[in-house]
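Consider the two complexes below, in which chain A is the common component and chain B and chain C are the respective partners.
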Partner chain A sequence: MNITEKILARASGKTRVSPDDVVFANVDKVMMHDVSGPGVIAVFEKLKKTGMKIEKLWAPEKVWVAEDHFVPAADKVSAQNVVLLTQFTKQYGIGKHFKYGMGQYGICHTLSHEEAMVLPGEVYVGGDSHTNTTGALGAFAAGLGHTDVAYVLLNGKIWFKIPETLYFKLNGKLPDYVMAKDLILKIIGDIGTDGAAYKTMQFGGSGISEMSVEERLTLTNMTTEAGAKSGIIEPDQKIRDYLVQRGATNYNEVHGDADSQYSKVYEYDAAELDPIVAKPFSPENVAVVRDLSSISLDKAYIGSCTGAKLEDLRAAAKILKGRTVKIRTEILPAAISIFKKAMDEGLVKIFMDAGAMVGPPTCGACCGAHMGVLAKDEVCISTTNRNFPGRMGHVESKTYLASPLVAAASAITGKITDPRDIK
Partner chain B sequence: MEPFTKIKSIVTPLDKVNVDTDQIIPKQFLKLIQKTGFGQYLFYDWRYEKDGTPRKDFVLNESRYKDSKILLTRNNFGCGSSREHAAWALLDFGFRAIISTSFADIFYNNCFKNGILAIKVSEETLQKLFENTSEIEIDLEKQIISNDGTITSFEIEPHWKKILLEGLDDIAVTLQYNDEISKYENKQRNSKIRVS
Partner chain C sequence: MKGSVIKYERDNIDTDVILPGPYLKIHDYAELATHAMEGIDKDFHKKVKPGDFIVTGRNFGCGSSREHAPIALSYSGVKAVLAISFARIFYRNAVDGAFLLPIEIEENTYKDISEGDQLEIDTSKNEIRNITKSKTYNMRPFPELIGKIIAAGGLFNYKP
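Let's look at the complex of A and B:
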């Protein structure tokens, strides 16, 4: 069995599972946020109306909650939703509630690894499609709708059909100026936005071993854009070290067997990869950055769970240091812990000296919520994950998805720019 | 939920691939958490002009589709975010069935949890349905679509079929089996399985 099959077999008490088997798996962690949480509460309310009594959750200590989409409260309704969420976690005794402006807070998929909320070998589900992100730690991580999250909160288990696994092998270390974002955009361009529908995307090979934990998280994060059920990477010493730094040492890693089966294997040679962007209006609509150097931009956005981790900020700072932005540039670290590290390392000063705006951690404009949404006809280069029409604001705005290096280089020139061409 | 047995309705053809949940229900409506009333916002940016008047060239605004219960669309419908509001909006608008060649995974599940039948058909069948969008009948018990004398069968998981036919709530149904599930799990636990 491969790693995904072994995790789901263990979680469902089976000795062997194969793709298409249906298992009833025990869930180790469940997450909801300020959009899915109120949705889950609405499901609870509906169940209560049918006469069901909901006095307690299956295991409040396995549930965690983030406020990230419409915070700091974008308007009265968002503020009310945060209040609703707070009442809910209090009522059901959920201790792990990352409250905005109270200690650690930020985007749920960033807190999941920053705070080691999810560990190798676990089954983790969340009320958000990018829950896949945390699979980079060696967990089975998948997004669910509100009703399914409500069900897990009550019961601690959920059905899964064992997904087939597509294996993406990266040979060699990524060259300078090429990031994990470029690789995942290239892959989505190759297989399409439904290329991994109900499949697991597993990443491996020497290039993945060389890759940092945060970069790996960019890969699994955007498996969602290929329609994947989950994304996963086998845990190694880098993952163990990352988790030790966050106080987590007690977990049961799972590794695939030597004869792991994959439904298809794709190989990429790192040396052949270039910086890539996805053009409007789909993540599969990819092009090499140097082929788009005539495209003028209005804004650069460096934010989200995909593109505002500490290393993303370091990459942007490498380009922005000592230079001045030519277009509006907004940089929103993905969690407040990352914001603080960026301050300690002097990155925030570099950004501000370059003329950029540095904002609070939030999903913000990635999902078109607030904090920098786009006007009609505005063109943005963004380190986020989706560029559907209207995703980041007006339905006639345009978003190009790119790595933080490409976004920063483009901020300097005002046009889509390969970071290797910044002199 | 209202049981789903047979429905007969004109089909609304939405001839697009990869329709994502941002198009089905844009982000500004995600803050609303009541499960009803989302129908007015369905396909909001496609459906309305900037001043809020309905766009004449969008299929949902054509009067003949006003009471349509069946949406016909192309592959990978419902991709993107996990927002269950997408299913709520389609249901609230009046759709009880969606026919496509494929659906995004989370959206597909969300449909059944909310009483919408999502039917996967072959590319060939889908094309025929697009060519003749008159009234069709979907019979869930028999698992067939009848279209102008042509009968096409479709697959559905027995669990989802039962939920829809009886109008059951998925959570309530599964919780009924908690005792059996616990017994099963204890048995499994005692068999000392180790997966390293």
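Let's look at the complex of A and C:
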């Protein structure tokens, strides 16, 4: 069995599972946020109306909550949702609630790894599609809707069809100025937004071994955009070191057997990759950056679980240092811990000296919610994950998805720019 | 189950189109319904009637995990979406929350059905009858567990 099959077999008490088997898997961790949480609360209310008594959760210590989509509270409704969420976590004694304005908080997927909320070998589900992100730690991580999260909160398990696995092998280290974001956009361009539908995308090969943990998280994060159920990478020493730094040492790693089966293997040679962007209105609509150098922009956005981790900010700072932005540029670190490290390393000063605005962690404009949404006909280059019509604001705005290096280089010139062409 | 067809001739209709992000803070189901399909069809909530079916192409519901998407369609009156394929979270949300039936159809069936056609769907026989065109198509049978959850009326009513 491969790693995903072994995790799901263990979690469902079976000695062996194969693709297309349906199992009820025991869940190790579950997450909800200020959008899916109130949705779960609404499901609980509906259940109570049918006469069901809900006195306690299956395991409140395995549940954690983030405030990220509409925070800092975008309006009265959003503020009320955060109040509802707070009441809920108190009422049921939920293990951990990251609250904005009270120390560490941030985008749920970023907290999942920054705070080691999820560990290798675990089954992790969350009320958000980018829950796939955390698979980079060697966990089975998949997104669910409110009803399913509510079901897990009460029963501790949920059904899954055992997915087929597509294996993506990266040969060699990514060249300078090419990032994991470029690789995953290239892959989505090749297989399409339903190319991995219902499947797992596993990454491996020498290029992945060479890759940092945060870069690996960019790959698994965007498996969602290929329709994947989950993304996963076998844990190695880099993962162990990353988790030790965050106080986590007690977990059971799972690794695929020597005869692991994959339904298809794709190989990429790192040396052949270039900076890539996805044009409006789909992550599969990819083009090489240098072919789009005539496109003028109104804004650069460096934010989200996909593109505002510490290394993303370091990459942006490498380009912005000593230069001035030519278009509106918004930089929002994905968690407070990352914001602090960016301050300590002098990155925030570099950004502000360049004229960029630095803001608090939030999903904010990535999902068109608030804090920097786009006007009609505005064109944005963004380190986020989706560019569907209306995703970041007006339905006639346009978003190009890119790496932080490309977004920062484009912020300097006002046009889509290959970072290798910045002199 | 009888109803008339609202057809979107495109693939990859995503959740940002079915229920745009700014409305995610809303959890009043009736209010969500007034914003259904707003991303591509501002008049959807005026033209949709109780019992209607949406017919569309590949990968319907891709994107986010927002359950608001099947909720908005369900509370608009949509009883089933007939698509060549579905994105996985939309599919399980529709079934587990008992909001609507996600029915997979062949490409030829998709091409043959027109806007406004009257359909009758019989899931016990895996049949779709096009009353307007006097034709019968097959639907892809629900996988065993999905069929049981639908029959139970959602995941919470299903006993494993």
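The rule is simple: the second predicted complex is superposed on the first by the 423 of 423 C-alpha atoms of A that agree within 3 Å, B and C clash if a C-alpha of one lies under 4 Å from a C-alpha of the other, contacts with A are read in each partner's own complex, and residues count from 1 in each chain.
Note that in this section a residue touches a chain if its C-beta (ideal position, glycine included) is under 8 Å from a C-beta of that chain, and two chains touch if they have at least 3 such contacts.
Keep in mind the model is a prediction, meaning the values are calculated, not measured.
Overlaying the two complexes via chain A brings chain B and chain C into a clash.
When the shared chain is aligned, no partner comes close enough to touch A:I3: not chain B, not chain C.
In the superposed pair of complexes, A:R391 makes contact with chain B and with chain C alike.
By the touch criterion defined above, A:D194 reaches both chain B and chain C.
Touch criterion met: A:T15 reaches chain B, while chain C stays clear of it. Residue contacts after overlaying the shared chain place A:S282 against chain B and chain C alike. Look at A:L166: by the touch rule set out above, it reaches neither chain B nor chain C. Touched by chain B in one complex and by chain C in the other are residues 24, 35-36, 38-39, 41-43, 47, 69-70, 75, 77-78, 81, 127-129, 131, 143-148, 150-151, 193-194, 197-198, 227, 229, 282, 367-369, 386, 388-391, 395 of chain A. By the touch criterion given at the top, residues 18, 20, 22-23, 26-28, 30-35, 45, 75-76, 79-85, 87, 102, 104-107, 109-110, 113-114, 169-172, 174-175, 178, 181, 185, 188-189, 191, 193, 195-196 of chain B touch chain A in their complex. Note for the complex: chain C touches chain A at residues 12, 14, 16-17, 20-22, 24-27, 39-40, 58-59, 62-68, 70, 85, 87-89, 92-93, 96-97, 143-145, 154-156, 160. Only residues 22, 24, 34-36, 38-39, 41-43, 47, 69-70, 74-75, 77-78, 81, 127-129, 131, 143-148, 150-151, 159, 161, 193-194, 197-198, 227, 229, 282, 367-370, 373, 386, 388-391, 395 of chain A touch chain C when the two sit together in their complex. Contact residues on chain A toward chain B in their complex (touch as defined above): 6, 9-10, 12-15, 24, 26, 35-36, 38-39, 41-43, 46-47, 50, 52, 69-70, 75, 77-78, 81, 84, 127-129, 131, 143-148, 150-151, 154-155, 157, 193-194, 197-198, 227, 229, 252, 254-255, 282, 367-369, 386, 388-391, 395.
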